[in-house]
Amino acid sequence: MAGSGTAHMRNNDEVVLEVRDLVVEFKIGRGLVVNAVSKVSFDVCRGETLAIVGESGCGKTTLGKAVLQLPPPKSGDVVFEGTNLTKLPKEQLRSARTAMQMVFQDPISSLDPRMTVRALVEEPLWIWERGTEEERGAKVRELLNNVGLDPDLVLNRRSYEFSGGQCQRISIARSLALEPRMLICDEPVSALDVSIQAQILNLLQDMKDRYGLTMIFISHDLAVVKAVSNRIMVMYLGKVCEVGSPDAIYSKPAHHYTSALINSVPIPDPTRKRGAVPLQGEPPSPVAPPSGCRFRTRCPAATELCAAEEPQLREVNPGQYVACHHPRT
Amino acid sequence: MNSLTFKFIAVLRRVAQIVVVIVGSTLFVSLLLQLLPVGLEDLYVFALDEAGRQEQIRLLHLDANPVMFYLYWLGDFVRGDFGSYVYPTGVLDPVAPRLGAALPISLRLVVYVQIVALAISIPLGIFTAYRSGRRSDKVISYGLFTAASIPNFVFALLLASFFGVSLAWFPPLGYTAPGDGFVEHLRSMALPVMALAIPTVATYTRLLRTDVIATLREDYVTMAASKGLSNRRILFTHVLRPSSVTLFTSAALNMGALIGGTLVIEQIFSIPGLGSEIGLAIFSRQYFALQSYVAIIAIGYVVFNGIVDVAVGFVDPRSRERSNA
Amino acid sequence: MRNLFAQMNLLSKLSAVWMALMTALAVFGWLIPLPDPREYDPEASAAGLFSPGHLLGTDAGGYDLLSNVVNGARTSLLIAFISVGFGGLVGSAVGIIAAYRRGRLDYVVSTGFNILLSIPNLVLGLALVAVLATSSDPSVPIASNRRVIIIIIALTVVIIPILGRIARGATLTWINREFVVAARSMGMRDKDIIVRHIVPNVLPAIYSVLFLAVGVVIVAEGALSLLGVGVVDGVSWGAMIARVAGEFTYAPQSMYVPVVVVALTVIACNQLGDFLRGRLDLREGRI
Amino acid sequence: MSAILSIRKLVVNFETPRGLLSAVRDVSLEIEQGSSVGIVGESGSGKTVMSRAAMGLLSGSTVRREGTVMFDDKELTAMRADEVRDQFGTGMAMIFQDPMTALNPVRRIGSQLSEGPRVRLGMDKKAARARSIELLSLVRIPDPEAMLNKFPFQLSGGMRQRVMIAIALACKPKLLFADEPTTALDVTVQAQILQLLSDLRREMNMSMVLVTHDLGVVANHTDFVAVMYAGEIVEQAPTTELFSNMKMPYTEALLKSIPKIDSASGARMAVIEGRLPDPTDRPSGCGFAARCSYVQDKCRTEHPPLVDAGNGHLYRCWYPLGHTIGRK
């Protein structure tokens, strides 16, 4: 991977979100610092779904939250519809956030257990004092209907009375209450059962169409990502490996990590035996990442160059960018 | 920086924490004296002539501001001078020798209580955990819950009246030093130790029971069973150690409650320990002595907890990692 | 309320009834025609249970025990409820805010709690009472109603760090929940997050501890009296215990009344606290 | 081939405050010597309870178990607790979903690893240590000697899972139960661990039961699959037969609803509507009737029996796939 660079950035009118050289670090005591996100840049165009894919610890969730300045990144810029969020004063940031909402991984933990569904979905409207009491009530019912829940059955119940899938529906309804223009979904289906996953993924697609949303879809699951995204960014240990369209990435991955990731996904078809040897080893600690390319310790193609010099993103095929000194051909 | 340096820094940080708490608690007590509705001078300066008066004020540092007053006390305290009882005649009776006599008695009391309480509660906690939900567990657990709720002085009074007076098995009052006959010593300690130990046993047993039940549900206990180990072996090698962490931590925290308990229990059983000394100091308005007594208790408590933290680190390696991080 | 009562097991129900009875005695006890608690009956010293005119007997000094229990309930429960209420309020507010803000404020607050907790409860209470209850003229003792106020202040100081630390710990477990992050991402102000999301979730943990704290304070009041700094010359459960404690060698029967009343009250408080915690665990278990 | 484990009419109920919870209903299954059998189901399907009940690892006053389990020609269900225990380690062994919770957090890897050989095989300290090092090399852990002195929390997820496999294999069991062994792991590490398990199973001529929710995992790593739904086996068959000729609508729906890496991007996914039936109140008909897109009246009222389609392929459906009769 592992590199930085901005070759993949598009400069057109359609870009709604532009993230440049974003750095997020966490202090974990003993003078140690986790390099969660290191100089990551990307952009998202209007109506597009950008998927951010990677394994645990690659910084994808931190990146998603940092876009919303939760918490604010250490350095770098987040420009949303022309406004640089990192430079906004607290109050303006608060109102700027309403245009971007988030759906979280754990549907149960993301809903306050003491509140009724009505209060949960109404809360964003309450915060921003949108509409009268009645208008808000009508809006809540409309939202619940749209996410496939019967308002009469659910309004006065609390989150623990629902299954994970239903909680995720409530959570999605809440995130749409302020009519955001962008939705950041952080592993929205990974805590759900297989048969429920598809329901929620379809719902997200429907909501995207109905509300004209631009989406960032964060996931560890390549198969899920393939179904929902227009553009994929693969991350490893706080850096970007590869950016491109789903078709390009899945059919001819240029980065060795992307290829290993794709080859590791079990396919529910016994007749298709895998030839490839699985990737060896595990990701190094983000506290002391390797020099140069961060993937080089596990990469079958690593050379001395990879240890010495960090690869920059460059275009290998039209619209497909890779940060690798020795890309697959 | 290497990991040894980090360990050293962690230890330093820990020591600094202890010092902050000790200084804070003694400063708190010292500043408390400023709240006295009476001037300290009116309480402790008895000289008739002005020169003698000034001399005494200087000697007791009563002319210093609150912070300096504390620092003088701290300086003396660090050098082993724990202050004095000040009598109307102007005579100073140093605290140190009285402390030397009283402290060991209270320490004995507390240590006996801890030994008795742990000796009973560990087997009882394991037993009730393994019988969890059955009748024997329910009976014992409800009994213990009640016992944990009853104040120790209630036990003290009941025990003294029943075993001390009605049955006369044990002396209801007084203390015999071990030097004057060890059996008599134990007999004189029996009732106070029981009075403090009964609620303590109840608390410890409940804690251990809860933890053992939680540990028995852990995957690694099922894993141990799937290795084909006997129940007894699983109990001793897999269940007991992780389950005992809370017990030992709270046994340490409970030292504070026990020291508080000795105040009352020593009073009821007329035992000349630290509790009786503190009672006397308060009764005769010896606040300098009181300040030192409180300081000694706070130091003992904080240091003891520090030791237990380290000990827990050996029992549970995860906590070592946590406290370093 | 009725709903809550219906969920209780037998012991919790009995505890609730007992606490209601004691509270009723504290508030309306003066309506019951009883002998003056401070007036001794020269005819009946150390009378047993059900003696004529003395339903629960008298102590060695001839004081009517029932009257002392009823009138003592007022003082003892007043001390308990006020110091726990006020200490709980201050402690939880400080604990919640410190945990929510983190950083330096949190360090200062938790160090403060640790300092107060490093002095055993009873020693701290004793020292506070001893200092505050010093009268300027040793020959004039402090009036018992002023002693009550002093004890309330002292025990409030004792309760603050106990509940403060629990509130702080409970807050820490909630602030990392995703719904708090969600609220922030919706643009909610910190003040509203604390009021709407943190406090309602932390409160159940505090309720159950409040009952335990009432028990702690009732025990402390008794212990302070035994040590000679309680409302010794007044009417309270602690004062009764202090009196009978000196008499148990020759009048043991009069000891049982105050001892049983205090013990039952503390057991009831703990039982109710335990019940609330059990409900809490059940709820948390579902979350 | 003979069966190493044979489960007959296994029923497991739990007593709960809400009434009897029926976790496993009338499950029969044979595990052939040397085979790898996958048990697939969503959460709440009863797959974990079934495997633990078969091993005799479910205990507690609220558990009600019926049926017989034969292991290695001995009837486990008729044995005393200590006799069952003697089968563990040398006969049956188990690995768990989350290696963090399945390894004792306060004991070193070495002592947890040598425990089995010392207690069950009577090895002395030195021999057990040598065996431990051998086992760690077997699961391809670099520098096994250093590993002996570590605590579980010092290892990565994949290393922990390798250690757990080593512990399970310590006494050369004939049958290994692997309960979601890779669910807690990252996808690249998951591939390594599954590969390792398959290799070791062949090397040691061991039988394996692989309990998982992932049809992809069973497709690549098992010879035979049993699909569980609502406490029952609804379909079982040799792996290739199952995937090429599935009879049960639930199996098909499950397979279709999985997002696949080779599906077209942006395509709408097939969905199973609704959710699992309440385990304390089982429907009288087919458990899947309320969610099935081929449902008929009969499905709602009559419980379908297991039907034999030959080749060891059994299914529980009134209107199986591939038959046109009775379909809407």
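Think of it as A, B, C and D in the order they're written, each chain with its own count starting at 1.
Assume contacts are C-beta pairs under 8 Å (C-beta built on N, C-alpha and C of every residue); 3 or more make two chains touch, one makes a residue touch a chain.
Only a predicted model underlies this, so the values are computations on that prediction, with no experimental measurement involved.
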Item to complete: Treat each pair of touching chains as one step and give the shortest count from chain C to chain D.
Response: 2
Item to complete: Could you let me know which interface, A-D or A-C, is made of more C-beta pairs in contact?
Response: A-D
Fill in: Length of the line joining the C-alpha centres of chain A and chain B, rounded to whole Å
53
Discussion item. Taking the mean of the C-alpha atoms as each chain's centre, how many Å separate chain A from chain D?
Written reply: 32
Worksheet item: Roughly how far is chain B from chain C, going centre to centre by Cα mean, in whole Å?
Response: 22
Worksheet item: Residues of chain C touching chain B in their complex?
Response: 11, 111-112, 114-123, 126-128, 130-132, 134-136, 138, 215, 219, 222-223, 226-229, 241, 244-245, 248-249, 252, 255, 259, 262-263, 266-267, 269-271, 274
Worksheet entry | Residue ranges of chain A in contact with chain D within the complex | 55-56, 163, 165, 193-199, 201-202, 205, 220-224, 226-230, 246-247, 250, 260-271, 273-274, 278-280, 282-283
Practice prompt. Give every residue of chain D touching chain A within the complex, in rising order.
Written response: 42-43, 156-159, 186-192, 194-195, 213-220, 239-240, 243-244, 253-255, 257-263, 265-273, 275
Practice prompt. Would you tell me which residues of chain D are touching chain B in their complex?
Written response: 52, 55, 57, 61, 82, 85-90, 92-94, 96, 98, 101-107, 115-116, 119-120, 151, 153-154, 164, 167-168, 170-171, 177
Worksheet item: Quick one: in the complex, what on chain B touches chain D?
Response: 133-134, 218-220, 222-230, 233, 237-238, 241-242, 315-318, 321
